[in-house]
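What follows are several structures.
Here chain A shows up in two complexes: once beside chain B, once beside chain C.
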Partner chain A sequence: MLGFLLNRIGTMLLTMLVISMLVFFIAEVVPIDPARNALGRYASQQAVDDLREKMGLDRPAPVRYFNWISNVLRGDFGDSIHFQRPVRDLVAVRLERSLTLAGLGFAFMIPLGLALGCIAGINEGKPPDRIISLISSLFVSVPAFASGIFLIVIFSLWLGWFPGVSIPDPDASFLESAKKLILPILVLALDEIGYLARMTRVSMAEVMKSDYIRTAVLKGIPKRKVIWRHALRNAFIAPFTAIMLHVNWLIGGVVVVEVLFNYPGLGRLLLDAALRNDITLLMGGTLVLTFVAVATQVVADIGLYFMNPRIRFG
Partner chain B sequence: MKSKLLTSLTFTLVLTLLLLGLTSCGPATDEPAAPEPSATAEAATSPAGLPVRGGTLRTEHQWMPYMQDPATDGVGTGLVGLSIAESLVWVGKDLVPRPQLLRSWEVSEDAKEWTLHLQEGVTFNNSKAFNADDVIWNFQHWLDPDVGSSMATRLDFLSPTGIEKVDEFTVKLHLDRPNANLLFALYDYPSMIAPEGGWEDFYSGDPADAIGTGPFLMESFTPDERMVLVRNPNYWQMGADGQPLPYVDKVIVTAGWDDAARLAALIGDQADILAPRQGIITELQRYPGKIDVQTYITGWITPIVMRADMPPFDDVRVRNALKLVQDRERIRALVMPMGPVGYDHLIPSSDAAYCPATDVHRDRDIEQAKALLAEAGYPDGIELELALPDGDFRTSFAQVYKEMAAEAGISIDINILPSPAFWDQWMEWPFFVSGMSGRVPATANIDLALRCGSDWNSSHYCNEALDALLDEADATVDIEKRKELYCQIQTIIQEDSAYVIPFFAVTFGASQSDVHQPSNWSRGGFLWHLTWLLN
Partner chain C sequence: MISELAWSRSAMIGVAIILFWVFVGVAAPVISPYSPTEMHDARLQSPSPQHWLGTDHLARDVLSRLFWGTRVVVALAPLSVLLGILIAAPLGLISGYVGGKLDTLIMRGVDILLSFPTLLIYILIITSFGPSMLVVIISISLGSIPPITRIIRSLVLDVRTKDYVSAARLRGEQRRYILLREILPNVSGPIIVDTTIRIGYAIMAIGALGFLGLGIPPPTPDWGGMINEGRQWIFAMPWIVLAPAVALSSVVIGLNLLADGIREIAQQR
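And now, the complex of A and B:
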């Protein structure tokens, strides 16, 4: 167990190191002068040169990388060029937002996706399966920006049930804040539920056909108990991996949803940073995202370790 | 066999239901199921006609501010900050400067000496009293080249040595060259008045850092997200009811929304007032009892610009040929239907510098364009590449122009770039679609864009005669004489400059009908302290 854990963490650290070098290298190659960017169009060239010196931009790349990475390890991601405030503070706030949205999205879609997939898998070939498969295919095929706009038009403009803009308001009541998040979560979830349901369905259908399930049924164990005690545990291995892979996407890749609903999350922050040539923020944010991605993989591996005895003993 | 039939039946049934659903739910035309409007269209004031106090104004702003020193703002994010820290004067829709932190002013005959009288009894929100020392400090700060403020360009007729303190509430300015339009320069987004010594970090988020004399105090600020302003209880200006302004208690500004969100927010009562873009105006106009839409013609232009210092555009015949291919009315109808037609000079007809007598409305003339090109050495036409930033109507403008120009043998290759990439080198493109916000007076824009070597001269146009006329106009205080000079200036721009301007772009404002706005709007609607809510 300990060996396994150390192994995984070691791999994670190595991945982070390589990614950090990649990110830094890409930032190097991009032809933008951070000092000019910071001071704006009207500043004199002298002021820009002075700032370049202060920012240490005239030192060779490996030295700068070293400084940057040692700062990062101490928790200092530098200052955003555009906002002129610590990257860490900006990213922390946005990360919390994205995690909230992702967390709520997960809480909504995992039970539903798994449940739908199970029902479909158990009744393979029969009407419930057909209907669920059709609906999940539909959900999967409609892209997030399209379903988002449909939902805004239907629920916000025509029905007026939910607000079309989801900017968090610290003064609002819990109910109001909850109402704001329903539409974005729905857009996120619809995409995912379809995908998860299909994966679970396949996994479940396969498990139901396996020998040990047939043995259990033949032994006389009631069907419900067979499913709960034996089938589910094995059927959930594949969907679990899928869910874990999706965590990364949910936290950083939901830019479409964040832009549509004006939700100030991490994806939006990085998009704006890219559009504004804010290199420091981009680098810091990307590193954080990568860390989340790699860390969830480690968590997934540990989870699988416990779920799948073959990993434990094989 | 049976299950196959069942499958196909289910499939067809679901599909039919879906299609039926889609066809019956048409777009919202006559009966939008929007929430009931709370107030009727007529009463935009309370029964007594007096302002109503209280309430929270909710709005959004395209770009949230972030500058530590608003004087260095070059993008206009700081418009919001003018509610916290004021400028010396303010200019309404009628383009007349009015007192704000300046109580009154005098200008000498030759327009070289300005005497500014400050308001007395005004305090900053950190209890410091406002006086001449603050004003002088601000002028010095704006003119300091190390600061990098665009105010230095706007005030380039003033040197730091020309600023004189007469007494605690009087400042005298001795200009290097005459300028009768000084006041208009003191009213732009970088001209917020800081206390002597300046701000450390205006938008730090700590209310104590946002020091100003304005009607609102900063309550909270989250970068790129949200800013909350609350009433300044010690504000020095009084409202129509004899009590200190502002009328509303709170203003919540959130970071820019896209058009769909703006539409949803106005219809769904999430916002009280905002500035929508052209795309959703027709939709907003479908709610006449609930949403008021206003149109502002501010002199904002999105010209096609040519580099007058580079071939082929250094030949005035080529420049005029490119102007002659425009069917202005058609371009306007397709690209900016609510804006006025433009005739290649950048002076709106509402501006004091506009000269109707010499404004030539040149029609489309393909033959003449071809002839001019042939004369200039391009008998078989010419190939050009047009660069432009993405987003909004510039793309359709470029498309329409390209097709019109093709008939004269001018083949244009359109190159759309992401906004930051385009604006990063906007002074270098040879042939591009630019943008310039309207300024009052229009001569301010002419100064910024057409004087030899000026900072924003993206066409690199240089005409000594024009510069001389501009200098003379600046120095002339007599209105009639100045008008004559403006006529000459307008003609030069129309006949000789490197701009193709078929329309003036329009900005819009939209508000709930229970929001009372001041009749004298300016700055696209940031006079929140003069706005009140009816419920």
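And now, the complex of A and C:
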């Protein structure tokens, strides 16, 4: 077991190493000179060159990568070009907001997706399955920015129930803040529910056909009890991993939702950094968000290991 | 295969939707009432007999932009997926068939790239190289290489133990012959299903990039870009953003219906 844990953590470190190199070398291409940027357009070439030397920009790329990554490991991501403030502070505030949004999205989508998938899986081929399968195919096909547009038009424009923007206001009451978050959470959840329901349906249908469920039914245990006691536990393993490994898709959804609703999270920050060519901020934020994604996947792997005895003892 | 598809209702609906949009894309110059970049006398007009979907913030005809925008989706998405397959197929075939250290190396690389959130790769590449049609195509095909490689590899692993492959090996056929003549034709069915779904993903990705302001640069009409530009007026003139959002969703639904249909037929065999 210790071997398994070490293996996973080793893989994670290797992944982060390669990804940090990718981020650094893709960012190398950006035609912006940080020294020129810091001093402004009217600084003399001599002054710019001096600053470049001081910042270490004249050194070869591998040396600069090494300097960058050793600073990052100490928690220093450099200063944002646009905000002139440490990237670390900017990212920390925004990450917390994004995690709140994603967490609420998860809390909404997981029970609903699992429930829909289970109902469909138990009734495979019957009308409830057909209806749920149709709905989940629709949800899978509609991208987050489009479903967001639909929901805003329906719920804010026509019905007027919820606001179409979600800029947090520290003075607003809890109810007010919750109202602002409902649409973004809904869009985020819709982006994943179809996928989750499909996964659960397949898994549940498979479990219902398995020998141990048939044995339980033949032993005379009521169907309801068989489902609650035996089927659910085994049917949830597959969708659990599927959704955790889908975290990259979720991150894409978070970026889109934050932009659509003007929610100031890490996704919005990264996009603004990209649009303003604020490369230090983009690099730092991308690295942090990717670390969150990779760590989630490792946690999912380890969780699966403990949930599924077939892997643990296999 | 094609005659069997005609029996699947979902596949036929899917094909009809896709053909409709392909027609719109091809015929855009003929069926569009105006040029997609021509500016008319008033901006943000409501729908009228002259402008069925009104005009946008630069007084351009929204319907014409919608029609022309089809071209971006219909042409670029399949193109970028095909580019991805061209690189991923050899990788997946070799990784699955040859195995050993090469397989370990390729799969390690694939795993690492798969754990990188795709949208972040797109944002990073497009920021670094600047937004252009070529950069958008290349970044989307790069993003599709790891998952396609992995799927092809797993298909090959399944097929390589089949008798006809062993027979070819015993006949003394070359590795290239076995890969291209024995294995590739037998994994092509699932690859077609995957490609259909992946074109849908590519359409969503191109749309998302346009929506984020990182897609095909203006004034080229592009559905994601139309949503991005029209977003400010969503409360006053929702049709400007609803039209491209419905159009884009319908194409992806069409592709997924077609994929479902092909899969159904494959399972019946």
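The criterion applied here is as follows: the second predicted complex is superposed on the first by the 292 of 314 C-alpha atoms of A that agree within 3 Å, B and C clash if a C-alpha of one lies under 4 Å from a C-alpha of the other, contacts with A are read in each partner's own complex, and residues count from 1 in each chain.
The rule is simple: a contact is a pair of C-beta atoms (placed from the backbone, for glycine too) under 8 Å apart; a residue touches a chain by one contact, two chains touch by 3 or more.
Keep in mind the model is a prediction, meaning the values are calculated, not measured.
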item	value
First (chain B), second (chain C), both or neither touched by A:275	both
Chain B versus chain C as contact partner of A:26, first or second or both or neither	second
Which of chain B and chain C A:246 touches, first, second, both or neither	neither
Which of chain B and chain C A:157 touches, first, second, both or neither	both
Touched partner set for A:137, first chain B, second chain C, both or neither	second
First, second, both or neither for A:125, with chain B first and chain C second	first
Partner chain(s) touched by A:261 [first = chain B, second = chain C, both, neither]	first
Which superposed partner A:198 touches (first chain B, second chain C, both, neither)	neither
Touching partner for A:149 - first (chain B), second (chain C), both, neither	both
Shared chain A contacts, counted only where both chain B and chain C touch the same residue	149, 152, 156-157, 164, 259-260, 275, 277
Chain A to chain B touching residues, read off their complex	39-44, 47, 82-85, 90, 93, 125, 127, 130-131, 134, 149, 152, 154, 156-160, 163-165, 167-169, 259-262, 264, 269, 272, 275-277
Residue ranges of chain C in contact with chain A within the complex	108, 111-112, 114-120, 123-129, 200, 204, 207-208, 211-214, 224, 227, 231, 234-235, 238, 241-242, 245-246, 248-249, 252-253, 255-257, 260
Residues of chain B defined as touching chain A within the complex	3, 6-7, 10-11, 14, 25, 28, 32-35, 66, 68, 72, 74, 145-146, 148-150, 152-153, 222-226, 252, 254-255, 257-258, 260-261, 263-265, 267-268, 270-271, 418-420, 424, 455
Residues on chain A engaged by chain C in the complex (per definition of touch)	11, 14-15, 18-19, 22-23, 26-30, 137-138, 140-147, 149-150, 152-153, 156-157, 164, 247-249, 251-252, 255-256, 259-260, 270-271, 274-275, 277, 279, 282, 286, 289-290, 293-294, 297
